[in-house]
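Pasting the structures here.
The following pair of complexes shares a single chain, chain A, combined with chain B in the former and chain C in the latter.
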Partner chain A sequence: MAQRAGGDDSEFTRRAADGGSAPSRREDARLVRGAGCFVADLLPEDCLEVVFVSSPVAHGEMGAVDVDDARRMPGVAAVWSAADLPAVPQTPPMLGITASAGRAWPALAVDRVRYVGQPVAIVLAADRYVAEDARDAVRLDISPLPVLLDPTDAAGSEVELFLGMPNVAVEKEYGDPIDPAVWRDAAVVVEGNYRQQLLAHTSMEARAILIRPEDDDGLTVWCSHQAPHRLRGDLAAALGLPEERIRVVVPDVGGAFGGKSETYPEYLAVAVAARRLGRTVRWVEDRAEALTGPPHGRGQNQRTRMAADADGRILAYELTIDADVGGYPHLGAFVPLNTSVMAAGAYQIPRVHVQTRCVVTNTAPTSPYRGAGRPEAATAIERTVDTLARRLGMDPAKLRQRNFIRPDALPYRTPTGFQYDSGDYPAALALAMRTVDYDGWRAQQAQRRRTGTGAPLGIGICSYLERSGNAWEFGSVEACPDGTYLALSGCCSTGQGHETSFPQVVASVLGVEPELIRLVEADTAIVPRGIGSYSSRSMQTGGAALHRAAGALMEQARGRAAESWAVPIEEVTYRAGTVSAGQRRVSLADLAAATGPLRADEVFEPPQAAPYGTYIAVVEVEPELGTVSVLRLVAVDDYGVVINHVIVRGQSYGSIAQGLGQALYEQVRYDPDGVPETRSLLDYLIPTLSEVPPVTLREMCTPNPNTALGAKGAGEAGCIGAPAAVINAVVDALDLDDPSAIQMPLTPFACWQARQPALAGAGR
Partner chain B sequence: MTRIKLNVDGVRYDDDVEPRTLLVQHLRDRIGKVGTVVGCDTSNCGACTVLLDGVSVKSCSVLAVQADGKAVTTIEGLAEPGGALHPVQRAFHERHALQCGYCTPGMIMASVSLLADNPDPTDAEIREGLEGNLCRCTGYQNIVRAVHDAAAAMADGGGAAPPQVPAQAAPEQREVAV
Partner chain C sequence: MKPTAFEYFAPRTVEEVVAALAGGDTRVLAGGQSLVLEMNYRTVRPARLVDINRVAEFTGLDAGDGVLRVRPLVRHRAFERDISAGPLGRLLSSVVHNIAHPPIRARGTMLGSLAYAHPAAEWPAVATALDAQLDLTGPDGTRTVAAEAFFAGPFDTVRRPEELLSEARLPLLPDRAGVGFVEHRRTHASFAQLAAIAALTVRDGVIDWVRLGLVNAAERPVRAHAAERALLGQPADAGTLTGAARVAGEQDADPREQPHASAGYQRHAVGVLVRRALEAAVRDAGAVGDGR
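Here is the complex of A and B:
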């Protein structure tokens, strides 16, 4: 199968039309021709296609699964429920989260089902149509049990979703409890209740996996995934195989957004089937399954409380989270902890206290979704700050400026224990205000309100702060005898363009053309170690590892040359792919050819970074219908050093569209029995071309002080900054006194209902 | 089983198909044109868009038997393998109108069809014309720019001709091989 590296097609090395000095993307060479290779595009010999029989019941006691008719159908290779397997593997706990102890998620349901869509039986046939026919012939006997769909209800319910265990799977506290006197004595205290609705990731390619058993009892796995080495480790642990026996290859991935970073029960069932039958087996999820989940994103009930003095100085902030982790606590149980740690946003608040509960329910299990806890944090505090401004009668921009952490106070440690690295938060707000013409819009709003003409107009600000990157990453650079360089990374592109941007990093260190550098990632047989791509970590961490590896390669080459020329290393200089000392000079290619492989491996673990920025939205709310129109959206982001501006800007646009989706359109809905109602893209509305407004992007640059490369995380900010900016703008337009009166998504009905008087009277 | 004749990207294919087989599955599973992908199979996303006798259709909403006797152009037939790109493909690349590339085959085919109907579309016409094609990565901004660029390039004679197809192309097979 084709490796993902490539694209030396000369027409793809020209400069991008969109300005900047960024080389345009190599991966386009195959993708614009329809020559990309996604898991469903692989054409293996003699492959069985998988369809799962999944639970139609959200919570129930399982009786027998009758697979006899299905097994007898022509073309069906096997139909198995958990009862047919000698052992049912369970998904290993993610990131060492203890929440899953006693709440393991089995490959196929055993005894109980806990969400609609949970795999109950696996059907294998030579053809997907046949497999679907057989699926429909499987008969289930499930006795329904009471259903819990809301995390706060579930936390207080007598119904035990796991017998003998609490529904609260994780309970955590950050910062110190706030003295009641602070609330009592403060000039102003505001409160809010906010709902972070459940979302569907909706990568255009859904989940997909193909597994081929190998002669040594090992497996080769092709999976649409974000973290191949993690998948390998999880499969090994679940199947009781040594890691070396499993090779994971990630071909082209059609978007991931956090939903492809885990090991799902379906993957384990496919692996079991491939081993038992000794056949290549593939599962490609369809759209209805993908929307039903898992995974879902977000899903938090939040309560906030904020105290300030009469001048608007924030004295205390309290956030309480009940997070929905769905039927089984998995990676979704980590997300609310991210929200908690960064609860305080960009503000210097002396007292911050966060209490978080991760609660099991009968929705599909949650996972990180682009932003992964950060949008939840930003929305909570930014809505609350706006409420405070209204209560104080103060301009919300002025209130923010009064409370920002000043640049000279950085690095700054929050009361929740997270260290912010560098930046200039006030400058980001000021730049956004200038770009959008904040004063002009405020004047226009005042005029509309005064004269009662025009649709209600609102201006909303979100000054966000995020937390990017974590843990280590592997990077390696080798000088090849043919004059090219091979870079290996443990990251895994799912559309972010690593084949283009990582070689740029290496080239900038080595002083050679990026075209000479080829990247290979996402194959555990070639890349010895790695973590993957999520948490905006690829450039910040993986890029920084490659940056160091390239530097180490230069040192290695100098050392090697010094040795073979018998001169002190200080006399050997490196320049643009060659080393020299006095009259002697040799290219790295020749040096490698003459003296053996020249390769530097690095594992680098920089601390997390804190990208930040300010988004400002200007909206109009249509008086009769409640429809929100976003007139302007300005995004100011500081991602530290940006390697490829075209790629980063592209991700900003995409991320903002997803943020607008959460703010205005998207929501996974369940009926009271826990059956998902959003099962097609007609019911689950992601933004289309007509809905995305023109967006203005502005960049600031405060280098990451903890890496030589200087990059911070990029790519998720739009999901973090856009929702709160839009909501604050709508609340402003509608002039709502009770901020909790309106929740996302801000559908026309939600806006219409929130404050009819404002809409009816145009203005106020 | 029904016997159908299709011309796909310039090559004639005669096959027996089941009445329920969707055109997109026939193209992918039987003919090996896996460049055309499936994003929903309920005609909502446009990822599977191809041209049927020159008109764009979502190939998941057409039965293979309905295409009998017709000519199908897929993304793989828009430019010769290794040959010059169609202006729309080039504009998508130059404007960075794709990220993961999964929606791209359908988005490009829908754009080709849009420009055939309306060689000089406004922003609003592009937005409306491509509304049936979903992209989760790009936020669409660069897609609109790319379609404008392609329109300009085609007006300059940069490829207004109908898409060229290779005379004798064998369907490309992608094997699982290590």
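Here is the complex of A and C:
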């Protein structure tokens, strides 16, 4: 590990020391010292601990739930199944997804269970030890039904997971069907079948919620979450309460990755229990529960077809997706939309057609997982482009350069209906090739192949494009009489460092020190509106809203001063926290003290952005055992304007590690009965520092043309770019003609199996 | 992930430990690196734990009379530096760095690993390969079992519930023995997919003594007798090593399908690992012979 990105880190340190562009994170002082405050750290007196009795059966008909013995145990406050509740709330559908209609996900299972781990009864006890004892004393009577674990199988099965309803919950089409003549007449047509395995989010902190009933029949909710206002709305709708009676507070969050933007049945059950008992109640999910889900991420079966002319110009691209949404269609049913609109990647392809099916199965329900549909899109097209290059005998870099959307063609509308804003895709590939020394590695590879010495070496490219940000966000800046500024944001940090980066944005507009600015977010009692943090949207959307709010505050201050001084507003200038006109001059603090609150609220909805970049991986495959070693990984990303380089580089490293996890190590596995086999981190392998190869990060900057701030989304790119780069490199090393011969994770066994003859012949 | 209620007992003498075990449904807590995890998952639910960490007689290890005596409180970490001069110390030290990571090695014990009999654990295969003698102490005194007869299957040994694994005796290896250990695993801290242990001596270019063990290649730790036979009396050259390694994969290994490894892959990989372990051992023996 001695060679780990040493040069880059020193460069990184130098840049950090420059100040301004990369102040260290304010929140780290408490987080790295163990002084953070997570939901599990809040333990009010007399709080009851929740444990769920969950289904051990993946698909079954529910008989009676016998809770009598459990209820009699000392220390147990209550044990309820759905039969004990006057009404069982249903998990509200997400983002208006219609797939949930007729397929409601109840707080506690009614009639049927549809995945192992589905809550069947709730146990409330004095502590978790007692609660688990009571959990084990509940007797279930579940008659097993046939189990469906693969979305393509489930789509064609006669077994109905919801009686009278098709297993295909959503079926969609993007772009126009491609004329068969295109395939028939093309010089080259390549096809591929790719499996996007199910992944576990594996945030350090699992799900957690604490609910205190209030005197006004309302609730205060502390939850490890990404979207507090959404949770408030969902709880209100499910419980039949007015929103203003519910306050949601999100304390420190130990990672989310898309798995904490949802409202889960467990949350509803905890809320019901708190109200029925009039007691404070908490549920803190443990690792065994978290790994077996929900949520899971990915889970797509993909078929691709690509046609090109003899010169390698891509004529058509077709992508067919069967997405696993698990036992209940929830936010996972949204993910294929992302895959579809991003399907064509960075290429100018005249005909693109995508068909998606979201299929219910007996796995745990899926949700977005860092990247959320874009890694799936990038892997599908980037593997297919590499297959095309092999078929044409062309260098894969050259083939990409031939097909990129040129910078002067931007903004560009894809045949699947998404608009790319800005950038220079060919330049990103060129920079990545220079940085990694592409020609040098190709020469090395040719030499190894010619002489038959050394391990199989491969170079893999992924030129990705993603879409970031969506919808509006709230931002507010107030000048306080004490000379500080209060910034409110509707975003919700789950580790992204908003306490540092958002004040930087506001300070840069106001021309004051960032230390004067205090950020408050993730409390619905203080922040009037908001959406939250996902889709790499915080800086792009929430930061841009604050940027505008800070500008509006300056205008407001000028107006207020003009009014009180009775001068035209044009004569009032703003500079560094003060307004002045002629000899008159007043700080915003004094102006607020003298004239009343100075505060600007903004709701800003910029269009989505399209960050992009190119990742290049160089790998060796150990010739006898099949072990993949990543020798180099170069990541070139264009996130638009970067506010804090320390934070963005941290995001890059983290998401690259997770991308390597998908490529090489991670997979949620079920046995044929639908029982999870990956129940601990001994079975579900994630990369740690020891597994992360030398990574070189390079940034490009094309400012977002649609916001004054200029930031695009950052945070998910590594998950999107790294997997396809690594797979393409491994396929290249193994010289595989059939691209479908190998699927993620690229275990030693998978590599050995894919190309046994090459491995057996290479090396010794 | 909370254990069921249990009684906790922390005696200071062997007699008290034995008496506690005789009470039934009792598990021994030494390092707790597997037991506590299993209790948290509730896959084991003992009525009583007997914590042996205060038993002075269970500490320490010493070499003498041709054996290395390892007592129940010797942590994995103790083997990180050569525990005894000579090839056994070198072998144990190269093995131990493959066990989990430093915090686990600081608490987990060699005897705990032997008693737990995880199929992917290194120590059971080392004990089996080297023909270690294991002492089981119970109400009727102490009996000795050869390691090869001790392991009955995954997580299963001939130890009776009322017995404690009180000592392991590893034979010291011949001074001129060369040793090799090679492990295949998916991440730095994950369990072994497979591993091979080799110790041998070479006289006049001919292998005249050999011990060969396999980790996770069957339901029990394996001493690769067939491969040993293919090596004994043969020249220590590439042909011999490769041939014997193939024998180990085809005859000594009895792999079961694993989630990320077919039986065929495992047989192949055993062959690769055994060959590499043998090559390392021959190199090591050469280095000893050169008087290093």
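Simple rule for what comes next: the second predicted complex is superposed on the first by the 742 of 764 C-alpha atoms of A that agree within 3 Å, B and C clash if a C-alpha of one lies under 4 Å from a C-alpha of the other, contacts with A are read in each partner's own complex, and residues count from 1 in each chain.
Operating definition for what follows: a contact is a pair of C-beta atoms (placed from the backbone, for glycine too) under 8 Å apart; a residue touches a chain by one contact, two chains touch by 3 or more.
Every value quoted in this text rests on a predicted model; they were computed, and no experiment measured them.
S.K.: Mind telling me which of the two, chain B or chain C, contacts the most residues of chain A?
M.R.: B
S.K.: When the two structures are overlaid on chain A, which partner does A:31 contact: first (chain B), second (chain C), both, or neither?
M.R.: Only chain B is touched by A:31; chain C is not.
S.K.: On the A-aligned overlay, A:287 touches which partner chain: chain B = first, chain C = second, or both, or neither?
M.R.: A:287: touches chain B and chain C.
S.K.: Where does A:685 make contact in the superposed view: on chain B (first), on chain C (second), on both, or on neither?
M.R.: Second partner only, chain C.
S.K.: Mind working out whether A:129 is in touch with chain B, chain C, both or neither, as first, second, both or neither?
M.R.: In the superposition, A:129 contacts both chain B and chain C.
S.K.: Would you sort A:203 into first (chain B), second (chain C), both or neither based on which partner it touches?
M.R.: The first partner, chain B, only.
S.K.: One more residue to check, A:233. First (chain B), second (chain C), both or neither?
M.R.: Neither: A:233 stays clear of chain B and chain C.
S.K.: Could you look at A:753 and tell me whether it touches chain B, chain C, both or neither (first, second, both, neither)?
M.R.: The second partner, chain C, only.
S.K.: Find the residues of chain A that appear in the contact set with chain B and again in the contact set with chain C.
M.R.: 129, 286-288, 680, 682, 686-688, 690
S.K.: Which chain C residues qualify as touching chain A in the complex?
M.R.: Its residues touching chain A are 1-5, 37, 41-42, 184, 186-191, 193, 259-262, 265, 268-269, 272.
S.K.: Given the complex with chain B, which residues does chain A contribute to the contact?
M.R.: So the residues of chain A touching chain B come out as 1-2, 9, 11-12, 14, 16-18, 24-25, 27-38, 40-45, 129, 202-205, 210, 212, 220, 222, 247, 252-255, 257, 280, 286-288, 494-497, 525, 646-647, 649-658, 680-682, 686-690, 692, 694-695, 718.
S.K.: If we count contacts the way the header does, which residues on chain A are in touch with chain C in the complex?
M.R.: 128-129, 132-133, 136, 286-288, 624-625, 627, 665, 669, 677, 679-680, 682-683, 685-688, 690-691, 745, 747-750, 752-753
S.K.: For the complex, which residues does chain B have touching chain A?
M.R.: Chain B residues touching chain A: 18, 20-21, 28, 32-42, 44-45, 47, 74-76, 78-79, 81-82, 85, 89-90, 92-96, 98-105, 108, 126-128, 130-145, 149, 172-178.
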